[in-house]
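Comments concern the structure below.
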Amino acid sequence: MMRVSDLAIVRGGVPLLAGLSFAVEPGSALILRGPNGIGKTTLLRTLAGLQPPAAGQIEVPEDSVAYASHADGIKGQLSVVENLNFWARVYGMADVTDAVLERFALQDLRARAAATLSAGQKRRLGLARLAVIGRKILLLDEPTVSLDTASVGRFASFLQDHLDAGGSAVIATHIDLGFTATVLELAPYKLDAPALTASDFDEAFL
Amino acid sequence: MSDHSLRPVSSLWEFANPVRFMALSGKILPFVWVACVACLGVGLVWGFFFTPDDYRQGSTVKIIYLHVPSALMAINAWFMMLVASLIWLIRRHHVSALAARAAAPVGATMTVIALFTGAVWGQPMWGTWWEWDPRLTSFLVLFLFYLGYLALWAAIEDADTAADLTSVLCIVGSVFAVLSRYAVVFWNQGLHQGATFSMDKEENISNVFWYPAVLSMLGFGLLFVALVLVGTRTEIRLRRTRALMARASAE
Amino acid sequence: MIALLRRDLALAVRAGGGFGLALVFFLIVVTLVPFAVGPGQVQLAAIAPGILWLGALLACLLSLDRILALDYEDGALELIATAPLPLEAVAAVKALAHWLTTGLPLVLVAPVLGILLNLPGPGYLWVVVSLAIGTPALSAIGTFGAALTVGLKRGGLLLSLIVLPLYVPTLIFGAEVARRGALGQPLETPLMLLAGITLASVALLPFASAAALRVNLR
Amino acid sequence: MIALLRRDLALAVRAGGGFGLALVFFLIVVTLVPFAVGPGQVQLAAIAPGILWLGALLACLLSLDRILALDYEDGALELIATAPLPLEAVAAVKALAHWLTTGLPLVLVAPVLGILLNLPGPGYLWVVVSLAIGTPALSAIGTFGAALTVGLKRGGLLLSLIVLPLYVPTLIFGAEVARRGALGQPLETPLMLLAGITLASVALLPFASAAALRVNLR
Amino acid sequence: MMRVSDLAIVRGGVPLLAGLSFAVEPGSALILRGPNGIGKTTLLRTLAGLQPPAAGQIEVPEDSVAYASHADGIKGQLSVVENLNFWARVYGMADVTDAVLERFALQDLRARAAATLSAGQKRRLGLARLAVIGRKILLLDEPTVSLDTASVGRFASFLQDHLDAGGSAVIATHIDLGFTATVLELAPYKLDAPALTASDFDEAFL
């Protein structure tokens, strides 16, 4: 499904990781692990196409990827349901169903303006977005931040169903999600970050 | 950095290579400086001290040796930035991005000099420091474009991003600058009395004034080239040092 | 795309959205002018069309940073960029939404404010016409400026700095149409030029905006 | 408190900070006025003092939402509120920092822009004096407006809306001083009133601002 | 040190918790637990004095409390050290020392503009602030969000030292910090939120 070969990534002109190769098959998930600042977020942004890779190839079927960042992209003035419907429509899908709301325990909050949600409730809303846009490959950046244990479990079961239905996922996380997945330790691919940063732009002058 | 700077040049684009650019610009820079100082020195001294006073304007006419060249270079600098921006966007030659960056402050300064000398001149001529004459007005607008361009460079930290965005701004801005010029001419056409003093046409100007004027224009042109070369070289050196230090600390 | 437009409009009319505020700002600027320049009737009437245009332009300008910055800050812009919408379309829709929530109301309210400034009789029609034709260009140019500055922490004033020189031709032709209209002079030429600027901006600038957005999201 | 002032000034002069941009906005507004109202010399000179005041006021206005909103958004304001600084002092320092980075530069640059508008000779002195006396009031009032709207998502335009009416007296007296100065008329009364407004705002408004902040952080 | 009696809290007009009484002694920590949206953030804000309690008393020595919210209050344009020094000066303390920077593994990032930190690095900076302002009672809202395991350990050891030095802390968290502390389950104090919310203001008309 997603095939990455010999990828190198750069952030703010600093080379972070190099020589990454992996494949994510339908029905399987890949968990990215590594200490803070190693480049998980940057890797996911690259896979999502937001920034170009410094080297290497990313092969991925067109229109199959959904990205969920640290921030949830929620509009505080819109209600929970309006937020979800907006995303569904942008991706050309049907409006959100009660089943999805229940799955993420949002049914009681459906008409609440998103600005008045607590940290964990906002996060649940951000994750529910993944269920309404109908994408196969999910790129998730620390999806369980601020979630309580019950919500983590709820999310894990959603993810398991997604995989069982032939989807796949790449997840950066520091905690244990409690389901089987390949784990990719990023530490071995780390490039020693230069103390002084030279950007691509600077490199051109060597 | 040495070996490919020795190969013969096979295409103009090779100067876009930083190493080649440094080698070549290092060689010609002294000559540019010498020529610039010579032209400016002779032109300005000749103009200021060895030309007769104009019968209508008195000695104030002499400001023309500063005013006209700086005005011309202000426009040419923007044009050069436009070309450099296009080269950066299309061929991604880093030197051209830095050259555009180096030209902007020089061009902005030229604009200020033209505005300032014009104002100083306008006081005895028109009895006012400022007149909303189309030409002056479009210069003011040009100055605003320079300000926006410089502010955008200054506000962005990442060099690639800054080069990309300022290039896009330069291109869009050029279109609007030309539009503004036409708009301004249109706007002030009916209201401004044609009596405004003008020496636009070469016939209006006698040779006594003309030769030193040409010399100082040449001098300003060379000054611009020299300053842009210096600016570009400094930027290149800066970036090369950064890159080298980064490499060294990585090893 | 329609979803995006509808969302932007919905956000604008919700509490805290920008709708109506540009209008009120316009109203206030126009009201303050007599305080600032002194209340001589003749003088006011002479500058009325220009002040209306200037006020509309400033009101537009003030609302520009809402076009993209809010979406950038809460991460929605990244998500929209990874959604199956071409960025050019996103830029065009954003400009359209801005015009609908800002430019259009300004056009509609301008005649009322004209009364405050003693705008001469025939001026009303032409102020409205020139604003109706000119404001879409203001929105398109503004979206371009917003796209250029979206990554920068509170680029608000930088945005103004970049956008204002770009507004000069539109302002000149627009105010010229309004002024000539008020005086009953012929105004075909500036009107055509104004329309030309608007058409060209609306057609071409979304591409430049999308390019700038792509760079900024990198 | 000095730490806060120094931080705010440091933030303002860093890349992306507001410093200088208000100035440039002032420059641009003043440049655009002739485009809007037409280039007649006499007419421009007559409205010059008023336009300078209006331009300064708008430039001030545009930079108001930086005073508190940035700190609110990244959570720094909550932390500052729980720090051992009285909120009144915080409000006063914020107003002072705003004046130093906005009002003061405007005062200094106003004469240069006066040239563009053909300001009559004696006007220069009084434009500068009136702005120097009046702008601190603009900053203090603006900080109060910012404190009122800080909780609201992008209160930018709402802020303008609230602040502009509060600016009216300052604008009237300030522009009056400048206008009378330009015409060589007696100007003691408006000057005293202007000074009175400034003193009162600077002395009292920080308390109101602090009260508003307290409510908004609740 | 901190003594709370019969506290009730309200958020957005909705009563959340009532009847809370607890005391936090010097050298001890209290961990708040409860599902998303129960009111942990609201409780901490109330203890910090940012919002008034709906009922009950909070007794706490003056100038002894520091609050760390979900957001870190970091200025992206300032460097790591400048950010910390600012807070130190606001609280009248000495500038940040190398020891503190090392403790939070920030020594290599000291001159970095805070905007270019990764999520976890930002969080470490936010936490380092607690070490430079010299306050006794720390009110922490999910302090370990985005942190990797090593950083969580580092933070726990900082907290342990703080307690050993006679400080105390109230911490809302969903994960295990790995040190001994009293745990306060908030669920029993929960009020059933009325479906239609009446604000204090409305209530005054009854």
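Per-chain residue numbering starts at 1, and chain names A, B, C, D and E are given in the order in which the chains are listed.
Basically, contacts are C-beta pairs under 8 Å (C-beta built on N, C-alpha and C of every residue); 3 or more make two chains touch, one makes a residue touch a chain.
Quantities reported herein were computed from a predicted structural model and do not represent experimental measurements.
Quick one: point me to the chain whose Cα centre is farthest from that of chain C.
Relative to chain C, the chain with the farthest C-alpha centre is E.
If we define chain centres by averaging CA atoms, which chain lands farthest from chain A? Would you check?
B
Which of the two pairs, B-D or D-E, is linked by more C-beta contacts?
Top pair by contacting C-beta pairs is D-E.
When the centre of a chain is set as the mean of its C-alpha atoms, what distance in Å lies between chain D and chain E?
Distance between chain centres: 37 Å.
Could you grab the centroid distance between chain C and chain E? Build each centroid from C-alpha atoms only and quote it in angstrom.
Centres of chain C and chain E (C-alpha means) sit 44 Å apart.
Centroid of chain A to centroid of chain E, CA atoms only: how many Å?
28
If I count partner chains per residue in chain E, which residues reach a count of at least 2?
Residue numbers touching two or more other chains: 70, 76-77.
In chain C, which residues are in touch with two or more of the other chains?
Those would be 16, 152-153, 155, 158, 161, 164-165, 168, 172, 218.
Among the residues of chain B, pick out those that touch two or more other chains and give their numbers.
141, 144, 147, 151, 155-157, 187, in rising order.
Can you list the residues on chain B that touch chain D in the complex?
Interface residues on the chain B side: 119, 128-132, 137, 140-141, 144, 147, 151, 154-157, 187-188, 191-192.
In their shared complex, at which residues does chain D touch chain C?
Chain D reaches chain C through residues 16, 18, 21-22, 24-25, 28-29, 32-33, 35-38, 43, 46-47, 50-51, 53-54, 57-58, 62-63, 65-66, 70, 73, 152-158, 160-161, 164-165, 167-168, 171-172, 175, 179.
In the complex formed with chain C, which residues of chain A make contact?
On the chain A side, the touching residues are 48-52, 63, 65-78, 82, 86-87, 89-92, 129, 133.
Under the stated contact criterion, what part of chain D meets chain E in this complex?
Per the stated touch rule, the residues are 2-4, 7, 10-11, 14-17, 71, 74-85, 217-218.
With touch defined as at the start, can you tell me which chain E residues reach chain A in the complex?
Of all residues in chain E, those touching chain A are 12, 34-37, 41, 70, 108, 116-121, 123-124, 142, 145-151, 174-175.
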